[in-house]
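The following blocks contain the structures, represented as structure tokens.
The following pair of complexes shares a single chain, chain A, combined with chain B in the former and chain C in the latter.
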Partner chain A sequence: MQHLLSMILFLPLLVAFTMGIFRVSIETLRMVTFGSSLMVLLFAVVVTSYFNVEGGMQFVHNSSWISHYGINYSIGLDAISLLLLLLIALLMPLIFLAIWEEQRKGYFYNLLLLQAGISGVIMAQDLILFYLFWESMLLPIFIMIGSYGYGMRHFNAMKIIIMTVFGSMSMLLAIIYLGYTHYTTVGFWSFELSNLAQLAFDSKTSILLAGAFLLAFAIKIPLFGFHTWMAPAYSSSPTAIVVVLSAIMAKLGVYGLYRFGFTLFEIPLGFYTPYVILLCLIGIVFYSIHAIMQRDLKRIFAFSSGAHLSLITLGLFMTNIYAWSGGLYLLATHAIASAGIFLMIGMLGRRTQNIQIAHLGGIASIAPRFAFFFAFFALAITGVPGTGGFVAELLIIVGAFKYHFWVGVVAAMTMLGAILFIFWTLQRTLFGTTQEVTKHFGDLSAIEIGILTPLVIILLITGIFPSLLLDFFDASLSTNLEAFQGGVK
Partner chain B sequence: MEALLSLIVILPFLSATILGISYLIDSKKNLSNTYYATIALTTPAIVTLLSFVLAFEISTMPHDTPLYAHLFDWIKVGQFHIEMRFMLDRLSMIMVGLVSFVGTLIHIYAVGYMQDDEGFGKFFAYFNFFLGSMLLLVVASNPIIMFIGWELVGLASYLLIGFYHKVSSNITAANKAFIVNRVGDFGFIIALSVLFIALEGKGFDFEAIKEGIEGLSSSTLSFVGALLFVGAMGKSAQIPLYVWLPDAMAGPTPVSALIHAATMVTAGVYMVARFGFLYNEIPHIGEFIAYIGAFSALMAALMASFERDIKKILAYSTMSQLGYMFIAVGLGAYGAGIFHLFTHAFFKALLFMGAGAVIIALHHEQDIFKMGNLRTFLPKTFITMLIATLAITSIPPFAGFFSKEAIINHAFLTQHYTLWIIAITTAFLTAYYMFRLIFVVFFAHSTKTYPHLIPLGKMIIYPLIVLAIGSATVGFLGIGHGFAHFVALPDRATPAPTHLLEYGLMAFNPLIAVGGIALAYRLFGTNPKPSKANIPIKALFIHKFYVDALYDRLFVSTLRSLSLFFDRVVDAKIIDGFLGLLTGGYRHLGVKLVSLQNGTVKTYATYIIFSVSLMSIALIYILEAQ
Partner chain C sequence: MIWDLYLVMPLALIFIGALFLMLFSLVQKVELANYNLVTVAFLTLSLIIELIIFQNVEHDYLFETIFAKMFIVDKLSTLFNILFLSGAILTLLINNNYFKSRDYYNGEFFALLLFSIFGMMMLAHTNELITAFISIELASITLYVLVGYNHHSLKSSEAMLKYIILGSLAGVFFILGVALVYGVVGSTYLGDIYTYLAHHQNDEMTLLIVGMMFMMVTLLFKIGAAPFHSWVVDVYIGSPFPVTMFMATTLKIAIFSILLRLFLVDFAPIYPIISEIIKAVAILTLLIGSLLAISQTQLKGMLAASSIVHVGYMLIALYAISLGSSFAASAIIFYLISYFLSAVGAFGILSFLASDEEKRHLSFDDFKGFAHERPYMAAAMTIFMLSLAGFPSTIGFLGKFYIFMSAIEAGEILLAGFGIMIAFISIYYYFKLIALMYFYPSANPKKKFPFSISTLLIVAMALMIVWGGIGTGLIPFIAGADGLLTIASEALKTIGK
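Now for the complex of A and B:
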């Protein structure tokens, strides 16, 4: 049991290296990668079944790595990280199925590395380890956009890497400073989260340190003002990468804030709270309006992602139980819905070679199944009742009104935000008469339906029976929230 | 009994799912219309049956003991404890019975109407889905679950308005409906959140709210009441959020009958009645609601008087009648408002279905001025529509007489004379525009013939007859305030009229209506001509007060320009411009440094001499210091 997490973490890496050394054929590669992603999913399910809802951090494993500087291989899971782990474990097999026809081997290697990096970020309890995975998950993205992307892919790959690395550098400096302070005050080096959380700083230093972390996460999310890498990166990325970017990577920014920001810097984050909330509120409105006139499906939903990420971050910073539960719930349900929509944009792109909205239309009349699934995911993103997004937005809005009346009003605008562009997008993509590129549009195949159906079912279950999932992390959230509020007081 | 109550909501969703999946799987169209129709019709029929059983149960119980069915805990986070729980009291019982009964008739009609449509299965999947959502809205025991139903009926309405999706303008209409409704819902959700936070910890079921609001300040309640009504404005098409309703006629006619006349659009009235206990605390907001209702009624009647599309005339008429209902519930006469909702469902559904029959028979012609003399060709449609028209123009003893009379007189008796005058004027206009329709479609051009008329099937005619019987008779339920006493809503007290006044008012309303009919006959009885926009005031009515153009300018264009501004200026110039300065500075520095490394020996020699001398000087200083 103890090594289950390590297996989840290293299986994709191991597969990637073995396959790479033996230079296997593409057929073998796709079978083995798909198999390994199923294994990881199985492990993740096993972990979940042994998971104790009341138990806090579990499956902890800690062994010394670079002992001189107190850097440890330290991993563990609590309910929130387990949720993220399940998301990535579930999505990877679907992504591998979606790229089944792909002939370029690099796709598979990079995705394996990406999965390992993301799992590492989710599990790491040591800040250096965390940083290592945090950066390493960027590399496959960079390579994939640069080599297999579309449009101005080189420029856009550079843009995403420069902007995000700029943020992580500031975080690295802060991490090293934390470790060094531990050395000077306690007497030995340590980067263990639980140790560093004990350190006390004067208010100026801690505000600076918190700011350094915040910058890294704000760029990753991205909050308003740090977002200009987002739309270009989305539009240049291959489908598989967009799915991961939107469904998982963006959420890791929020996760980082929750795990490290809120554990290390309870009080100084309070200093930033009004500004972050302001940026989130601007983001909700700005991204939604921005999306209206976009012409490329990926860019439209990139901005939609941005708006929802702002809402999730807003939920986190309002620090009451409604907003936190809602934020976490949205994190999960938006991951599923946006994975669905981007997978479908990929399927659409394979059929039409064109995702410019002006060239689409009429799909509903010749491919009703495609239209159904596409409309379902789009509506799930707008938070239609019956899908998980509604529950999440409802909780966040209630939490926002508890926090402050006007914050509540702007948060409620999220109900208007998404519909501004989604319905127009649906109209021009699915309805009306067919055009040149959609004239011979084939409906979804059985495999494609197989990929999308689990996502639909999850969205429906989370929408109709929200208690199932909410109760699962309720204990974790309440404990952390109390701890946090205790810290602030 | 609880199980039956749950089934009422669950069954339609279940059959919608079965129909939807069948339709999606059946890509080769092997399944027959009979398969879909059987499933689609069984459900509302069973639901109607169940609702009658439950109605019997409820009417034997005292009015303040509703029936509950608890399904499961929906959300339990902090104090936010929402149960999936249904409540059947007399109000929701009336609504359930109405929705399922009229719904069943319209389902039957739709089987006939949609027969040749390739999306037959899909249509009924949506139709059953709508039915389930509407019933959920009605039986919800707390406002959050009600809101879920509220949003889902909006979704069903979107899907059905855009049912003929190959025509892009239909989708535009569907989008408009959904977006305008969401604007209303934006108000609704704010109201619910504020109410919840104000009552935090006291529970959020209707009965808990009823007890909880006693401790709340009047300003909070006014705020909540006003914003809840914003939701109602959207759903029930009142000023200023009515613009979607006329466009919603793009959907198939059964949709207009079921959703945009008989049931969904009345949800706003139902909601205000449901929150009657709250509105009783804030009568000034109630008055505001009544005025909005009155102006909507008048404005819609004016627009209907100049419209030439048969369905849009009826759409405006719906908006107008909803206005009456809001006058009633706004002034605290909830029983009267719900009674008008009840009778209206019969005659308005009938009018739409009759209009649909005419449209089908004439190969999808909707312009009334291209019709005429149809009473000889479509006698059954004519008779039933005439009954419905007499009902809506409140000619005794048809249904509308009793319900509308109660509302108009209530305005008079509570001394809201402005409202009364508007209501009376609207009643006159109603008689005018409805009989304009009847005369133009069924009487005028008495020599006109239709060689290619499509015969109407039984599925289309029978529901018309049932509804006609209803339109003629259900009014009697209202005699002596019987209906209002039965629903037992918290009506605000009204001064009792003297007998003379009561009879006077009772006679006055039909007289006004007769005046309207006479005018319509004079203008359109034999040789009708469409109105021309020859004077400004007429142009104003014909162009629907220019509200659509105004909204387009105000919101749509603004948002689009803003979106472009964000893209081209904020992102590209400001943010990336700033980042560009950073990277650009870095690059400039690089370029400067590169120029040092120019490959000429002379330059390098200079560096060497320069740096060696610098180092020597430094060395001297250091040595001296020691």
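Now for the complex of A and C:
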């Protein structure tokens, strides 16, 4: 039990390393990676079954790593990190199924490394450890966009790495400063989150430090103004990466804000709150309008992702219980829905070699099953009642109204904007007359339906029985929120 | 006496080996590989003894009755010697194929290399300025010859001429500085200079400070810090691959051995005067190095220019020492080790490629699709680049981490921020290579992993870099991230005043 988390973390690495040493054939590689991702899912489920909802940080494992500087290999989970861990563990097998036909081995190795990196970010409780995983998960993404992507892939790969590294470097400086301050004030070295959270700074320093962290996360989310890498990276990425980017990576930015930003800097973040809320609101409108203007499916949903992430961030910064639980709920449901939609765009791209909307149309008449699933995920993103997104967005909007009337009005526009561009996209893609590229469009195969069905089921369950998930993280959420509000007062 | 003989053994072995090879190279009909083998044998023997010495030496003088206190033996000097020796061994072994592929190598090459190592080892032991000068010149003069060893190439000769002229000019400053120091203090021993400095006011010893500044000029020139950096790129590009590798790794470390000793012992009383200069030099070095590195088209040139940047980082830590940072010195040693590992690996891959194919210049474009041709080599190269860029999970990250930590300890947050900014810029030129290797299709078919000493060593280096970055006490006898720092701080403890 003690080492379950470490196993989740290191199994993909171990598999990648052994497979690489023995240079196995593509068939073996495919089977083994799929098997390992199932194993990780199993471990994650076991962890969930032993998880105590009221228990705060659990499965804590702490061993010394660099003793001179008190840097520890320190991992643990609370309800929110467990949620993200389950998401990545669930998505990975589906992604491996979706790329089953892939002949290039690099795909599998990079995805394994990526899984390990993301799990590490979710579990890490030591800031240096967190930084290590936070940076290393970029590398597989960089290589995959550049090697297997589309369009201006070289440029876009470089762009995503340079922009995100810029953010993380500013965070690194803040981390080092925090660690050193801990050393001078407390007397021993530590980079442990719980220890660093005890530190007190004067207001100017803490605002600067919080800003350094915020920059890293704002680029990753991305908030409006830090978003220039987003659409190019999404449109250049291969399916597997775009799924991970929108379903997990972007959420990690929000998670980082929640876990590190709010734990370390309760008060100084208050200084940024109006600005961040403003950026989120601009983002919601801006991304929605941009989504309407795009001509290519991936870019449409890239901007739609951006709009929803702005909404989640908005929820996080309004710091009331509705908005927080709504934000985390949307985190989960949007991850599932956008994973579904990007997987389907990948399937569509394989069939037509073209995801320009102008060339599509009439799919519903020849591929009804495809049309059904596509429409379902698209609607789930807009948050139609019956899917999880509805509950989540409703909660955030209620929270937004509680915060301020006009904030609530603009937040509610996400739903409106999403409905606008999604329906228009659906109309142009699925309906109308068939075109040259969609003339011989094959319907979904059994495997593809098998990949998508779990996602549909989860979306429905979260939509119909919201209390299941809400209760799950309610306890840790309220404690954190109370702690936070206590700190502000 | 016996104890002294034991301590002098590594040095003596190298000297005997150099003489032996000098005579041996007159014999025709000896294969090049055998020269290499003999050299490596001498070096390895010496390395083993140094490793043993490292365990049980504290603070000692070599043949105190004969040389007085000219040669000091402590853990610091032993640690540096271990680095030089392993650098030389790695250079020779990794380049084994390269030597065979070129016709201008012969026995003297190895003798010269040993003389150079001998000079560096002496430099690490030195406790006196004249000895320091002789050691620096011994190491440098042999290197001048080695740089121009490819006598078919005009570029190589040009590099040698440039290096010789600038290098000797810089050397002159050192001897001038020593003369001034001697004129004031009346002694050239580091300890005496320290005592004099500690007991006099600043305005009484202008001449002494000027002398020390002159010495700094030479040392900064030798490590390639701006504004004395102009030779670095040309000389690195012009020299044969093994020599570039040897220079980039060992020579730089050697100069740092004396720089650290001078800085920690002698310069301590005049830190307020010198610290601002070091700071300016560090910032200038980082900026100019980055600009140079971005604009290079050849890989060798990029690595050369980036070595300037790495010196800049160490100068940040040197500056932190002068502000009283307690762990800056061990940060420098750790950084030297980390740079040593990464640079040996990166240059090793270059020379491996150069020996394999007729790609004489190895521009960036030659690396297009390299990952699809040689996946393991490309993976190793990626690790070296990541380590040089300071990406986490490699030893290079920890090196930078310690450096920035020492800057923050010294209260220089802006300087640490500037260093991080430079590290951010360096992401561009290191990732450019990774991008070229992975993003382009390969013109050649996939090749099998060539099992040979050089390739295995390169892979071992890559593993060590990762281990140095994430390694813990899990494997007891291999020093990971933690162990290396312990070694560095242990070595520094034995340095005497």
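Note that in this section the second predicted complex is superposed on the first by the 489 of 489 C-alpha atoms of A that agree within 3 Å, B and C clash if a C-alpha of one lies under 4 Å from a C-alpha of the other, contacts with A are read in each partner's own complex, and residues count from 1 in each chain.
Following the convention adopted for this analysis, contacts are C-beta pairs under 8 Å (C-beta built on N, C-alpha and C of every residue); 3 or more make two chains touch, one makes a residue touch a chain.
Nothing here was measured: the structure is a model prediction, and the numbers come from that model.
Once the complexes are laid over each other on chain A, chain B and chain C cannot both fit and instead clash.
Set against each other, chain B and chain C differ in how many residues of chain A they touch, and the higher count belongs to B. In the superposition on chain A, no contact is made by A:F59 with either chain B or chain C. By the document's definition of touching, of the two partners only chain C reaches A:R153; chain B does not.
In the superposition on chain A, contact of A:F217 is made with neither chain B nor chain C. Of the two partner chains placed by the overlay, only chain B lies in contact with A:F390; chain C stays clear of it. Looking at the shared chain after the overlay, A:S365 reaches chain B, while chain C stays out of its contact range. In the overlay built on the shared chain, the residue A:I162 is in contact with chain B and with chain C. In the superposed model, A:Y177 makes contact with chain C only, not with chain B. Of the two partner chains placed by the overlay, neither chain B nor chain C lies in contact with A:F374.
Taking the listed stretches 183-191, 201-209 or 273-281 of chain C in turn, the superposition on chain A shows a clash with chain B for 201-209 alone.
When the two complexes are superposed on chain A, the residues of chain A that touch both chain B and chain C are 162. Residues 20, 63-69, 73, 106, 128, 131-132, 135-136, 139, 142-143, 146-147, 153-154, 157-158, 161-162, 165-166, 169-170, 172-173, 176-177, 179-180 of chain A are the ones touching chain C in the complex.
On chain A, the positions that touch chain B within their shared complex are 162-163, 225, 227-228, 231, 286, 289-294, 320-322, 325, 362, 364-365, 368-369, 372, 379, 384-386, 390-391, 394-395, 397-398, 400-402, 405, 408-409, 412-413, 415-416, 419-420, 423-424, 426-427, 430-433, 443, 465-467, 470-471, 474. Remark: chain C residues 379, 386, 391-393, 397-398, 401, 404-405, 408-409, 413, 416-417, 420-421, 423-424, 427-428, 431-432, 434-435, 438-439, 470, 472-473, 481-482, 485-486, 489 touch chain A in the complex. Taken in their complex, chain B has these residues touching chain A: 20, 23-24, 27, 72-78, 80, 122, 144, 147-148, 151-152, 155, 162, 165-168, 171-172, 174-175, 178-179, 182-183, 185-186, 189-190, 193-194, 196-197, 200, 559-560, 562-564, 566-567, 570-571, 575-576, 579, 583.
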